[in-house]
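In order of appearance the chains are A, B, C and D, and numbering begins at 1 in each one.
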């Protein structure tokens, strides 16, 4: 098997890269964190000094980076992938970034006779670890490109969705997370209101979950501590998906809404609320279900 | 079997009353609509001239009325139920009204040694017709009262939920519908944004429905025409649950939120949006999924 | 001069009553606070045991109470004004309350051949002290009633506005304060955004104040500490108009908006924001300009 | 006097350029509209084929363009200013654009030993015609640059504000217009609510204008037809500042808020509301005061 490039070995990326290794791939990796590079060296991976070294050595490259500027730097910066990218290479970018940046990267790669898919994920750190991620793939409208990406992505996830043209992966991810942010705040408001009106929390959840108010944020990830055991809201909002990350995804949704002139009154308000949380040290790093505590009186009195 | 009273033979009430008749109950009924009274007379029901006539003739009474003032009038107005209500009567009020009015009615009935449950429903006209309604019962904390109500409600619905003390039925209904209003607008914004970003509507719905953005408004009642066949959004928003009714339920939620000092930023915004629709003759009487059209550009250009 | 009744000697009412005394009126007063009654006794006022005692002794009565339920109790409760109210009495209610309650009180008084004006004030504790309040008078459509009220109100304020029929005083007050809540949050957002974009606070304020962004919350009561000296925002938000009171006024506006089906998206959001502040012990009792600190990052980090 | 360059002869720019001519300046001009170029040729101006021709012939250049991409194109595109820009040139950009683009242009010019100020305006078409514009100047922290810009800007406006470093002009403009959008919607909600509560429109306006609800959108540009004569709201919202332009400025504010992590709940909601208007052919091109009609019932029924 040929060498696979992997750039971005953070909380998600490290697990994903290890799943490729488990399936027998040999890796050449790059990250800014020297310590994690040492660990991958111990696991048999080749260490690159620059992204360009990765592109020089491999034609199948996965990138998993925190935001649009990082992606731009890794692809088009000094020592970036584009400096050495070989014809017929495929870059699979699993970062959640601005749709426009994905489109821009794809165009830049095309000029080098290389392909690009945007393939952001859902499923979190646990999904990354267990290879149960969902990949939302944009750029799979060319079937051979999708099939080639599938070879690698299917070793890191269980659900590889072909969303069509480049950028559509980002669109799907951003849309899902905007809906998620709205419904999580909605459930938090609803549970808080119902409890104040005299309802038992578990009873209210069970009514919602069997009625038209049903949603993932209520039946699978209810933000009220104790309603569902074992999830972050029942563990003091430790772990899970941080409020600051939700604020970031909602800002991508707002950028997209502005660019496409789509009215999003609730998405916009959800963004503002998570922005308030993201700047509050009591809430910023906690699971995004903590918006329930933000809305609930007693939490503020602590 | 003793005579059962039924007041309020509108779109919902008429079906509910007929289901009691189907189960062998003899009814004494009251409504302001003479025509519908004629129909029930033809079906063997006794016709009352005033609510007080119902209470004089029956100790088990169901009321199904459009709003708080109607309930007050029927119970405590001139010729109202309280004038003739017999000790040990049970009034089951299936109206969706202000929680405070339910509590007030219960107190007034208690002074007459009578019981009251608030038992608002979900399931719509179809559920009323097919006796598949869900009843959310407040006042069932006294088990004999709940059991007695269950005898009748179970003939009009399939799911009779004991929500605890008086008013909790209203709380459950209002909370569910606030969540429903939020998620319907959220799904409408999300679908519109995704489509503008280039995604296929059915593909986007399928991604949401298998991800954390999943909710009833997406997987069962998607507001984009053609995504799910056979529901009002695919039939030009005819039938279903009208925008003006959603505006009413959201206003009850806002009243409750103000009374309990519960912050509800999205619930509040959802109320404002449906209030805009409720005053627009193009949207007011259409199914509440029509908010998708309100947000979508082309609809406005027609 | 005949005896004037005064009920409600709180922060505002005590100053207002003293201004009547200064102008030579003899007062009969009622309050639930025994201590403040002692002070008024020392100032020569007659002390009433119940509101009914006030109505028995005086035909010109001012009430200044915190909320709708208090007004109902004082007028129509046990020992209330209505028990002893004399024909041709005039009650001037300066409380800020639900418009509907004002209308209800006026109707009840009319049955006793008495008149009622709703006359809520703006100008705060300082205005009450210096007799510079503005009174917004509803019920002044009958000129003799307005003229009679003017005799008393003009000794407690400098601007007595005839707003027309009963309830219009409340309408004017509620509308002004809804606009005030919106513009205060708007200025807070704007100043915070501009400062983060690199602008000097005073320069930004001066640009707004000479441009179309100009408003009272910017040019007279700027919420950024130090921009305007001597006002509560420059004194750690001590004194002034508390956030919890703003939340109350905004809830009255929302009740009115729901009753009249008026869409108020920003008024509704402003209400939600002050409701969040009202439940936070760091903000609740501080001047309503403190919303600037709520929105500003560093404040949360303290 | 040396030749002055002027690029962008639209509704605003044409008036501004003519004011320079009135003060004796000789102009070299560029626009995409051939017809307007003919008019300027008739007025004695030299016509350029490309922006680069302007920069080759002049060292003092004003640009007045509709949006960020236009600015980028004129400065850095093929045939753009940068191709021929002479050392010690000064570009004065009066476009309202993204702050980041202003900073980017300034950096690009610095590499050519040239200076850049962002100098967006307020005052509208009337202000452009009468040379009464306000210029908000960023980049004036270097006094000689500000003085040099002042020479030209003072012939097109009456108020030239030094806002400090590059980008601060955009910041000031964007902040003012965000506040303006918020207060215009706020006044519209307030006037509509008050009128529905029974108040006379002019009376309500006069109360706001002498109270803490006072603002430019109420006392100078009240959106209710007939309250103030001679302004667009009293002329069926013809002329004035279009809703679509307000939507654009509010989107710039949202971009800036996201970039600086500033929470702007009302600014965000105002953006959403003007976005709804901008996509509605009944409202898009009308004066932004038309939001009053959007909120008011009867308008929708037409």
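We adopt the following convention: a contact is a pair of C-beta atoms (placed from the backbone, for glycine too) under 8 Å apart; a residue touches a chain by one contact, two chains touch by 3 or more.
For reference, the UniProt names are A, B, C, D = 3-hydroxyisobutyrate dehydrogenase.
Predicted model only: the values in this text are computed from it and were never measured.
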For subunit C, the least number of touch steps when starting out from subunit B: 1
Size of the rotation, in steps of 5 degrees, that lays the CA trace of subunit A over subunit C: 180
Copies subunit D and subunit C - interface residue numbers shared by over half, same or different: same
Pair exhibiting more inter-chain C-beta contacts, A-B or A-D: A-B
Farthest chain relative to subunit B (centres taken as mean CA coordinates): D
Chain centre separation (subunit A, subunit C; CA means) in Å: 50
Between subunit D and subunit A, distance of the C-alpha-averaged centres to the nearest whole Å: 38
Where subunit D touches two or more other chains at once, by residue number: 261-265, 269, 273, 276, 279, 295, 297
Residue ranges of subunit A touching subunit B (in the complex, touch as defined): 99, 122, 134, 136, 159, 161, 163-165, 167-168, 171-172, 174-180, 182-183, 185-187, 189-194, 196-200, 203-204, 207-208, 210-218, 220-221, 253, 256-257, 260-267, 269-270, 273, 295, 297
Of subunit D, residues touching subunit A in the complex: 251, 254-255, 258, 261-265, 268-269, 271-273, 275-276, 278-279
Residues of subunit C that touch subunit A when the two form their complex: 265, 269, 276, 279-282, 295, 297, 300-301
